[in-house]
């Protein structure tokens, strides 16, 4: 035990003396959260729209008013002719055009219905899709109110809106950023610190010392568990304080979830270090095998549902996917174990798999 | 005629004085041994002479150019080879030669001609397409030296070129140095083998950033009453060196 | 004591060890002398159980580094070639770490390292990365010794270290030997062979000779002559042209010459040199050095 503590002590000194890396480790998550929260905002606020009101009746004016009152849209232009719409798109004046056909108000109660055309700039497909969805939602509510007739509710993107009613992008990016930062610190830093000993030759001395292989591995891991926990807490605090992110579920589960994910990432890092010969290989392996899938395939930035099926299938072996899902369940839906046992089990499975692989691959000799 | 003129060279890193008022000259065509304990300031001085680092004060002329004001001219007139890095391991023998030829602005006919001469001299014709990493250390170092003087520089700097090389190849290496010096190239060399210090025309021994002695090996031994270079070296530098490691 | 029998180890196409056998006695200072790539590090790594041999066997006090690797590791102190202290830890932190890891304390075995460690103790809070080569070496040796090993294995401890530090290092080894520790050390510097009790000369994975340095020199059966003159390069080229010469090697300010069998005739060589315009060459018979023996054995 004494030797083990000495080892942890030594590791911690390596970490804390390299203050540049420390700064990066602590400042990077903060910067990332701020960037994702403020700059790359996927939520819609005051989107510029254009109106071509061919009807010009009471109902149509109320609809336009309803749109601008929603806070999502700002009426930028009012057109008189259809031919004016396209140039406005080209100039970038508007992102969405709403064309109200003649006799809108009169036809609202007409069984044949009335027509509204929505034109969106599809060169930014994601945003335009959202603009159209919101707009149709508002128009439908409006139509129901005006006509008193119940339409069958359309359940397209409603699920997400349910738990994130204002569709705040930052609610999406905080779990994603945590997934990314934690896997980066845990896996990359441990794999680098183990391969560094190999490269410098000190691993030879550690191997012939009475230290057991598991002590070497655990000794490497413990400081990073602490470091990663501190990071997880700081990201969460930022999300809750600055971006008013709710924590509807239990704090206990949030803690368990983060700990499990950190351990999983560390196991991945150890596994990489048993395969990689030097620090550079370890770094690239962590970058390409862990970081990119976390960003691209975990549902962090691109919704898994809209991926082609081979990628959807691939995303099943990307551990952060389960972490992000479970975090959302706890924080946004307030769900407990019943709603995320599947994710927890999957992550535990990954943890066991990588740990066994690492112990199996860890050599008591050189090559 | 002096090819290197160093006058009151001082180099400081913060409060640490790596080179403390060095003054010495190196004559054209001579083999000049540069000795000293680890951390005595040798590497710092060599970096300045090669135009890689600027002196804090003092005047350093190499091949007729001032290293502070004309480092680029200095660089194109010198060759350099060190024990730590000499050739690219994953390039072949010929690729390495060509690379250095191109870097030093030789025409492709010159490169071709000199490559053949070099390979013949080293008897490496059959190994021309081999990767450097498959050559033994001794061969690698001999080749590295030939490449360092491929552009016929007026001076070549050798930083511990024979470290770890077997005794026979080490001697072959020194014969190549003799040959180069005979053809007019000035050789500036550092080594930890004291018998190699004897091969030099003149040696300087540095300790704690200062020059302790500079003369021919024979004169130095006479002057300090030492019977070998090793004894002389120990006599002059035997104090605990507590400087920053270079 | 150590017994090594017909060890072979191959890496890809390279035969790093090609049937190596040596014997080291208890309490001996044993040197493995050879250039880079001779197989010294591979042999050491097999002995301390970090590598598995392809064939052959080794015993350390009866322990097999393959089967009993855990026990073997308990009796050795090892200083790898590129060691490799933790540069961001201070002198005292490095030492304490290795002491604890090997299940002891600095105080317990301090007497063993006192001699060496007290020289660097004034700087004990300085990070190892900021030490001079000689100081690093002393710290590394202290770290390898702190658990009082029975066998000390030092892989090229003096490579790239200046002559002063080298000499001091060998003095330290002598004192450790006096404490009864068996020491196995490798070096590319031939002149260090004379400082060992016995040596093995090794090249290209083969042992050229094992014996005490004195006996190796004794058994060198050719007379060696030292030739000197002002212009060494000219002298060298001319001696090479002399018909009866077997080998000519520069040795510091002299050339060492051996003659081919039956033509040992320094007087004739002198006449030859005079005829080539070198009137004042000085020729005298000398005792060969280990380096002469090594070169003779390796050709």
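Letters A, B and C mark the chains in the order given here, with residues in each chain numbered from 1 onward.
FYI, a contact is a pair of C-beta atoms (placed from the backbone, for glycine too) under 8 Å apart; a residue touches a chain by one contact, two chains touch by 3 or more.
None of these values were measured; they are calculated from a predicted model.
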>> Can you tell me, using the touch rule above, whether these chains form a line, ring, star, complete graph or other shape?
In response: line
> Counting only C-alpha atoms to place each centre, which chain is farthest from subunit C?
Replying inline: A
> Counting C-beta pairs in contact, does B-C beat A-C or the other way around?
Replying inline: B-C
> If you average the Cα atoms of subunit A and of subunit B to get two centres, how far apart are those centres in Å?
Replying inline: 57
>> Centroid from C-alpha atoms only, then distance subunit B to subunit C, rounded to Å. What do you get?
In response: 26
> What is the distance, in whole Å, between the centres of subunit A and subunit C, each centre taken as the mean of its C-alpha atoms?
Replying inline: 59
> Inside the complex, what are the residues of subunit C that reach subunit B?
Replying inline: 34-38, 119, 123, 130-136, 159-167, 188-191, 203, 232-233, 236, 249-253, 291, 294-295, 298-299
>> For the complex, give me every residue of subunit A touching subunit C.
In response: 2-3, 6-7, 9-10, 13-14, 17-18, 200-202, 204-211, 364-367
> Which subunit C residues qualify as touching subunit A in the complex?
Replying inline: 45, 48-52, 69, 73-74, 76, 78, 80-86, 88-89, 93, 96-98, 100-103, 143-144
> Quick one: in the complex, what on subunit B touches subunit C?
Replying inline: 36-40, 83, 136-138, 160, 163-169, 171, 174-175, 178-179, 181-182, 192-199, 217-218, 228-230, 233-234, 237-238, 240-245
